[in-house]
Every structure is written in structure tokens, then in C-alpha cells.
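Both complexes below contain subunit A, partnered by subunit B and then by subunit C.
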Partner chain A sequence: MTSLARTAHPFTTGTVALAFTALAIVVPAPAGTIVLYAIICLVAILTGAGRGVILGLVVVAPLWFLLFLMHGVLGDSPRVPAPWGGTLSHAGVALAAVQGSRLAAIVTASLAFASVFDPNRFMQAAIAHRWRFDLAYVVVATLDAAEQLTVHARRLREAQRTRGLRVRGSLAVRIRAVPALILPLILASLTDADDRTLALESRGMTIKGPRTAFDPPPDTRLDRAIRWGALLSVVAAMVWRVAR
Partner chain B sequence: MSPRLLALIPVAVAINLVIGRIVAELALPVYLDTLGTMLVSVLAGLSGGLLIGTVSQVLAALLGGYVWIAFTPIQWLIAVLAAVAAMRGGFASSRRTAVWGVMCGVVCGLTSAFISYAVYRGVSVSGVTAVATLLRSLGLSLPAAVTVASLATDVLDKTIAFVFVGMLLRSLPRRILGRFPLAARSVGR
Partner chain C sequence: MIALQNVTFRYPAHDRDAITDISLEFRPGEVAWLTGALGSGTSTTLLVAAGLAPRLTGGSFSGSVALDKRDPALASPLAQGIAYLGASPVLQLSGIARTVRDEIAIGPMNVGWPRERIVEAVDEAIDRFDISHLAPRAPLQLSGGETQRVMLAALSATRPHTWLLDEPFAALDHLARAAMAELLASLAQQGETIVVTSDDADLMLGLATRLIVFEGGRVALDGSPAALLAGDEIGRTGAGTTGAATMARQAGIAAPRPVTTRELVATIASPLADAAVLHKTTDGVAVTPHLDAVLQLDGVIFRYPKGPSVLKGITLIVRQGESVGLFGSNGAGKSTLLRLAMALEHPSTGSVYTLGSSTERRGPEDFAPEVGFLFQQPERQLSAASVRAECRLAPSYAGWDEERSASAIDEVLHQLGLADVAGDHPSDLPLPRRRLVALAAVLVTSPRLLLLDEPTAGLDDASREKVARLVRERTAQGLTTLAITHDAVFAHEALDRAVVLDSGRVVFDGAVRDVLDGKQQQRPAALEIALALQLQVGNDRRDNVARVIAEIQAR
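Right, the complex of A and B next:
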């Protein structure tokens, strides 16, 4: 079954993710940001973007640990007794909770969006909405190029290893491996850019004017209502915060 | 936007994203995730470098959490310094390139420390934060620990990155170098 997050218009998922990010900055922390983090996780799971919640945990767990260590354990006085013995910085623990919950909300919202982001649907939607074609092309072509370059890098690494290149060992050994892995990759990429230039020129990239989208994703009333709702919730949160 | 720049953008941004990953796999204490920005600043000029830096940071933020978007000014600084170095023939020899790399590292390290302290209270990218935590446990104040950690990692990272870009530019085939006058000037041809 196709999830709601994947079938929604690409602008809708993007707007919701941006609205959650803005709310994470506006709502009071840590109470507000903890509740917001829970809401983001719930929305992501219910709409089929649950992978973003797991990816978010992978990103923020080390940051939570470092925040606790840096501010809670090594923070300034006044200090309070820790449950396991020793002491903790009272202000440091509070600061770690504020930063940790805010980062968790922002990272999870963005990664949930990234986990369902389809570059080709986005490009079709951008063309249908009369966005500048070159901007839409940059997003899609970059994601494609990153994937191709990753495959190329893996092949190059195996080829260099068969020629005796060592990629494990002391720091000096690993540093010596870098030019052999990176320089041919960049040279090949620049040659590829040369070919792309020719392809873009021969396909009328320099011609101005609107393009026609082959298969634009449907932009339903529900999509538009969600986008307006997301925008209004951010405005409402800002007004409430200023008025408090 | 010219077709040449439009073709360079995806390649350069992909270089930033993928080379950062390769270096991370080698477990080196550097990032080298700004090579594409430096390269395009030298090949296509400052405006190209600024564009690549912004697109790279936005995409890296999209794929890794929006929080790192605050470090976008670092990409802009790198673009400016690489373009200035290119105009002054800064990539003509390894020694000159290394000097420009150290200068870039100091400027970026100080800016990065400021952003890291002001926005993230010293806890940002895990590697730098681990160094800062170690320094903090040795008795340094939080601002001092963040500054020393950022400076040390950035000077090393940007020096190595500049040296690599210099090596690459000097080894570029004349056919490609001939299409980029600033790049030819940067290596003294």
C-alpha cells in the first residue's frame, strides 16, 4: 500500500516539514518542543514516513549524549546530586534538555520529509507550478549525480585496492590513500560535466519560457488545505508567543 | 544561468557530498566536504562558488537534518577565499596553496566556533564536539574549548582541501583548463 506521505503533493510534505521546523523554534522549550517531537513522530509514523523517525534517532542520539556530557556533567555550578552518585550542573541539564528536544524535533521533521522525497515528482510539480526550470533541474540532477558518484567511488576504490592501495591501517596509510581515491573521481566528474554541458545546450536549456510537465502530481483540495493549515499554525504560534 | 554552470552545479555538489562520505569511511580527522565549492570558485568564479556552497549546505541539511543550515556562511567564506586565491595565483605551487589553506582554516575555524557556540551551545558536528568535550574536561571554559577545537580541525581540513584542489588544478588536461580562464590563472598558466 502506498503511504499518504508518498502520494501527497511534494509541496505539501515540504511545507509540513518546514512548518514543524519553524514551530520547533517558536514553541517554548523543553515542554513545548518535547510535545512537538512526539507529534512529529506520530504524524511521520501514521503517514508512512516512520523511517525518518528511526533515522532521526540515529542522528540525534549522539548529540543528546554529547549535550548531556558537555553541559550536564561538565557544566558550571550550581550543582545538584546525580541519581547514580556524583553531581550534575542544574542549569546544564536544563540547557541540554532545551537544545536536545529542539534538535530532535527539527532533525526528525527534515528526515521524515527526506525519506519520502521523490526528486522526479518534485521536478514535475515545480514545472507545473511555473517554477524556474534551472532551479528544479539543480535539485534533481544533484541527487542523481550524488548517487552516480557514489557508485563510481565504490568501483574506483575496489579497482585501486586490486592495484595494492591500502585503505586501512595507520593514519599515514589512510591519508596516503586519499589522493588515489579522490583525484581520479573528481577528474572523471569534470569530464562528465563537460558532456552534460553539451547535452543541456543541445536540448534547448538556454531557451526561455514555461515548460510543460509530462506527468504532474495532483494538487488536491486536501493538499492545499494542509499547506494553508501548516502556515496558519506557525503564524498562530508566533502570535501566541509574542502575546505571552 | 549558463549551461556550463548548470552542468557544473550537480557535479560539484555531489563531490561535496560524496567525498565527505569517502573521507568519513577512511576514519580521517578531517571532512573534505567543501572540495566542490573550492573547485567551482576557481573554475567558474565567485558567484558559482557561492551558489554551490548554498545548494550543498541546503541539500546536506535536507539529507541530514535542517540544523546544519546555520553553517552556510562557512561555505560562502570558502568560496570567497578560494576565488581570491585563484585571482592571485594561489594554486601555482603546493607551498602557496598550503598557505592559503591555513588562512582559510583560521577564518572558517573562528566563524565556525562562533556559530557553534551561539546557535548550538558548543554541541554541533560530533567529531569537533568530541574534541571540545575533551578540552572542556581538561578545564578549559566552554567558549575556549569550542574555539580551540574548531580552529584545530578547520585549519587541518582546509589546508588539506586546498592542497588537493591545487594538485587537481595543476593536473587538469589543457582541453578542460582552457575553458576556465580563472583556473588557468590560478595555476600560473
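Right, the complex of A and C next:
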């Protein structure tokens, strides 16, 4: 079954992700950002973008740990007793919570959007809305860059493994393999950039003038309502924050 | 019409011109065929004619290029009715299409056609290239041959009047090649301009109306394909000719030589009966040696996550010393089978044993360097800063000392004609030579089992012969080769046994000669003539057939 996040108009998912990101900056932390993070996770899971929540956890969990270590454990006085013995910085723990929850909300909203992003639907929508094509392509290329890099990295990794490079096993083995994978990846990405230029030119991507959307995604009333709602919620939050 | 006038072009950071003083006109209604030895300048000529070099590549340029008196470099090729297909079609995928259908719509969409016209053009392109089964698939998940067909369909959707095609047949299976050749011929008849680089002389002979042979970046010959292929001059340029003409030359027949098998057979027709008696022998018959299995697949079913079954119950044994060709149409599951053999993938059901060990819970590094693997489009897997460094990777991972590595590298570079570029960066070499570098990097450790995915795609005649000779030498040494190929001449010259896949199942397992029937697979000239002379398996390869012809001519 196709999820709501994938069937919605790509501008809608983009606007919601941007709105969540803006709210994460505007709403008071940590209480507001923790609630916001919970809402983002819930919305992502319910609309079929749950992969973004998992990816978000993978990214932010080490950061949470570092923030807690840096501010909570090594932070300034006054210090309070820790549940496991020793002491923690009271202000440091609060700061870690502020930064950690804000970061989690922004990262999860972005990754949830990226996990359901469909370059083709976005381009079709951009053309239908008469966006500048080169601008739309830059957005797509940026959002798709991680995917392209992953494909490239997988290809090089396979090639190196077929020659005998060990990339699995102990941490030492994995670390030893990194230079043999990273440097070629950077160089190959640069070569690929040249090749892509040729490809874009030969496929007419650089042609100036109007284009036709071949299969534009439907932009429903609900989509538009959600986009306006997201925008208004950000404005309202800003007004409320300023007025406080 | 495209006219090049005194064009000289040099790529950035290169110390010699890629093409020098080229003056050519490509006219509507003609199929111009550009050929030459590796690095002779054919691909560069296409880039310049399309207005892509030096505009996108950089480099120094002199002379002029005109498309109907306009400079093609002033706009995108597509906007001017030019379809340009590079030698690596996968790089021309837009990267923004979810399905093949979307990919084909990219061109018409970019030139701003109304939606109804786009739909009509997309449907027509899908029909014309017979790819309706690929339409819903993701472009990046296609096989090499499928990508080539899709790209050709995508280019055709904007109805260009000029086609500049760099090795358009390289990854296509026999039937797709024939269909493509037929299509190009019909486009030329409708007044379109077709310019093709190719090393497949047998195919191009029936298609091209004009042959232009390049040598060292210059036009060496320009004329009728049949006349040039029959003559002596083409051989001196390093370019290949047809199988029949090659054998005729080997047999000592003077120019003008027969260029088709029919003509060659007619030349030697009278003493056929005697020849058949003379050479009826069973020497060299391809008999499967009853030795150890180096690759064994038992009831293998494989499907990619969320995808349909690619392999549907494969049972296959490849024994030591065999040279096996893996045949089948584009998308039959051949590359997947090879990936399973190298432990890059693992079967959903069944088991795979490589060199006697199960691939279960093992990876390719556990089988290297005893097993060598050449990917399709191997140029995209190159990772070192020089050709020599690329070849040193596998020996260094295997713990070879410097002396042993250096000796093996020198030998393989010499065998593949790469010694002169040992210090060059692979990216600075023309695409076909990059592919040879990748092959050298695999062969350097003399793997017991060699797995090759289209090893001769895009190579010139001389390089293909080198690869065929290497495989033959390996077989003579008791080493094993399993190669996917659509190159009938390579298959006939280098391989003994054929395994044919169709929709994920083995539908034939026997002698290569029986697969090259001229219907599903092209029949090489050597085999055609061997059959006419009633020569038996083992006596039907090019050198032997040429020797027989020479004997007949001498009597």
C-alpha cells in the first residue's frame, strides 16, 4: 500500500518538513521541542515515513550521548546527584536537553522528508508550478546526492572486495579498509560530475524555455490546506514567541 | 547536414591531439560508419559533431563545425534535433526518472511539447524499441543492454533528424542488434543522418552506406564499406574488417577479398568436397573434462528484495579447465548468476559452491584472488591513480611481494597492449582502454576461476582478439572461465561450452557452436564457412578455417 507521505504532493511534504524545522527553532525548549519531536515521530510513522524516524535515531543518538557527556557530566556547577552515583551539572543537563531535542526534531523532520522524496514527482510538480527548471534540478540533485553517493560507494566497495579487500570483521579491519574506499569514492565522484554534465546536456536538461509536466502529481485542496496550515502554525508560533 | 572543417581538438592535460585536421560532411540519408583502432579519434569526432566538445569537455579546438550552417555548440544537441548516445549509456540516465516511461518522457518534456504529444511520443518509442516490459521498471535497475535500449528509445522520442551514436550495439543481444540496425536503416531511408562508431564490421557492412576509417586522430580512409573492407589499406590502419575478409587475408587471398561469408565460400566453392574429406577429424572436439567442479549451483532461486525472481531454479556445474559462455537476451539473469558465483549475492533458495566452498555467509574477498571478477562497465570501478597501481591492488591485498607483483603486472600489461600507458591515470584513457585496464587488474593474479561480464564490449578488433587469446591460453593451462557475452566472434574463438538462460532458467547447455545458429545468436564468419566446409567442432575457429582455405587455394 502506498503511504500518505508518498502520495501527497511533494510540495506538501516539503512544506511540512520545513515547518517542523522552523518550529523546532521557534518553540521553547526543552518542553516544546520534546513535544514537537514526539509529534514529528508520530506524524512520520502514521504517514509512512517511519524510516526517517529510525534514521534520525541513528544520527542523533550519538549526538545525544556527546551532548550529555559534554554539558551534563563535564558541565559547570551547581552540580546535583546523579541517579547512578556521582554528580551532574544541573544547567548542563538542561542545555543538553535543549540542544538534543531541537537537533532531534530538525534531523528527524529532514530525514523523514528525504526518505519519501521522489525526484521525478518533485520535478514534475516544479514544472507544473512553473518553477525555474535549473533551480528545481539543484534541489533534486542536492536531495538525491546522498543516494547517488551511496550507490557509487556500494559499487566501489564491491569492486574492492572482489579484488580481496577485507571490509568486514573487527574494527581494526574496517578502519584499515577506509582509505581504500574513501579516496577512490571522492575521485570517482569528481569524474562522475564531468560525465553527468555531458549527460544533462545530451538529454536537453540545459535547454532554456518552458517545459511540460508529463505526469504532474495532483495538488488537492487537502494538500493546499495542509501547506497553509503548516505556514500559519509557524507564523503563529513566531508571533506567540515574540509576544511572550 | 553536419560539416566539420579542418577540426583539430585536444583534451585538457593531454600532450597530443585527439583529432587532427578533420574535414567531413555527414549528409541526410547516409549511414556513416566511423571505425579505427583504440584511441583513433572516432568517439571524439562524435562529441565535436554534437557540439559537446570542447564546450563541456574543455581543451583546445580549432576549425569549425556547422549543423545546417549553424554552430551546434550554441545549444543543447536535443534542441537542434541531434540525438547523441555516448559509449556508456548508463551515464546518460537523467537521475530524476522513477520509471523507464518517465525516463523516455524527459527529452520531449525538456523541449516543451504539449502533454498529449509527449504521451504519444513515449508510447511510440516504447513500441519501436519493443521495451513495453521495461516501462514500469526503475532505470537504475536495468541491465547494461536494457539501459542501452532504453536510452535509444529516450533519444528517439524527440524525433531527432541526426543520430550520433557511439558503439550503440555494444551491450545489445543479437536480436536487439538486428532490430536496431533495421531501425537505423529505415531512419536513413527517411532522410535522417546517421553517424555510428562501431567495431562490428560484419553488422555494419549491411547497414553503413559510407565507411570512414580513423588512424591516429586523422581520417585515413573514406569510401564504400564493401570496397574498403575488401582492401589492404584498412589493415594497415589497425582497424578491423569482416570475419570473412580477415580469414581471406590470413589464407593469403589477395585484395580485393571477399567480405561476406557467402562471397568467401563462393571463392573456394569448387574444391569443397575434397576439403570436407581432408578435414573431417575429431581432434579438438569440445569435450567437457571430467574434472573438479569449480562452480556449482544447486536449485538456485534468487530474487532481489521486493522484486520478482530473477533466477528460477538454476542447476549448473562448471568444471576445471572449461571456458563457458553464458548467453541469453538482455535481462535474462546472466549478471545475477555471475554475482552469485562471486558471493556478491546469495541465493534466496538453493546453494552455490565456488572453488568447492559454499558461498553462504561468505563474501567476494574470501574467494579473491583465486576467483577474478570483471563487472559490466568495469571502467566505473577503477580506483587507483595509475594503470600500474590499479593492477597492483589485487596482488597487494593477497600479500604478494613487490617482485612477484611487478613481474605479473608487466606481463598482463604487455599481453593486453597497455604497457605504454602503465603510468597514466585510468580516467585519462579512452573508454575502451579503461575497460582493458579493469580486465588487466583482474587477470594479474591468474585466477583459477575467471568471471567476466561482457569482456569485449566496446573493444576494437585487435583488443577483442587479445582477450580471446588470453582466455584460450587460460583454458589450455587448465584454468576456468565463465563469460557473459553477446559477442559471437569472441564466443566462437574463445569459449567451448554454452549455457543459455531465458527468464531465469537454463534452456540450453551444450557446445557454443550449437548456440551460434544465426537466429538467436549471430553466426561468426569462421563458423559459417566451417559449416560450409563441413569442418567439425574444434576445427572451426578462425585460424584453422583460414588455414584450410589457404590449403584449398593452394591446390
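Worth a mention:
Simple rule for what comes next: the second predicted complex is superposed on the first by the 174 of 244 C-alpha atoms of A that agree within 3 Å, B and C clash if a C-alpha of one lies under 4 Å from a C-alpha of the other, contacts with A are read in each partner's own complex, and residues count from 1 in each chain.
Everything that follows uses one rule, which is that contacts are C-beta pairs under 8 Å (C-beta built on N, C-alpha and C of every residue); 3 or more make two chains touch, one makes a residue touch a chain.
For clarity, every value in this text was computed on a predicted model and none was experimentally measured.
By the document's definition of touching, of the two partners only subunit B reaches A:Leu69; subunit C does not.
In the superposition on chain A, contact is made by A:Asp144 with both subunit B and subunit C. Of the two partner chains placed by the overlay, only subunit B lies in contact with A:Ala114; subunit C stays clear of it. In the superposition on chain A, A:Arg227 contacts neither subunit B nor subunit C. With both structures placed on the common chain, the touch criterion links A:Gly56 to subunit B but leaves subunit C unconnected.
Once the two complexes are overlaid on the shared chain, A:Ile175 sits against subunit B while remaining clear of subunit C.
Of the two partner chains, subunit C is the only one that A:Ala213 touches; subunit B does not reach it. Shared-chain residue A:Thr191: touches subunit B and subunit C both. Of the two partner chains, subunit C is the only one that A:Arg163 touches; subunit B does not reach it.
When both complexes are aligned on chain A by C-alpha atoms, subunit A residues 137, 141, 144, 148, 167, 183, 187, 191-192, 194, 196-197, 199-201, 205-206 touch subunit B in the first and subunit C in the second. Interface of subunit A with subunit B (complex): residues 21, 56, 59-60, 62-63, 66-67, 69-71, 74, 95, 99, 103, 106-107, 109-111, 113-114, 117, 134, 137-139, 141-146, 148-150, 153, 157, 167, 171, 174-175, 177-179, 181-183, 185-187, 189-194, 196-197, 199-201, 205-206.
Every residue of subunit A that touches subunit C in the complex is listed here, in rising order: 118-121, 123, 127, 137, 140-141, 144, 148, 151, 155-156, 158-168, 180, 183-184, 187-188, 191-192, 194-207, 209-215.
Against subunit A, in their complex, subunit B makes its touches with residues 1, 3-4, 6-11, 13-15, 17-19, 21-23, 25-29, 32, 35, 39, 55, 59, 61-67, 120-123, 126, 129-130, 132-133, 136-137, 142, 164, 167-168, 171-172, 176, 179.
Subunit C contributes residues 50, 52, 56-57, 75-79, 84-86, 88, 91-99, 102, 105-115, 118-119, 122, 140, 154, 158, 342, 344, 363-365, 368-369, 371-373, 375, 378, 380-385, 393-394, 397-398, 427, 441-442 to its touches with subunit A in the complex.
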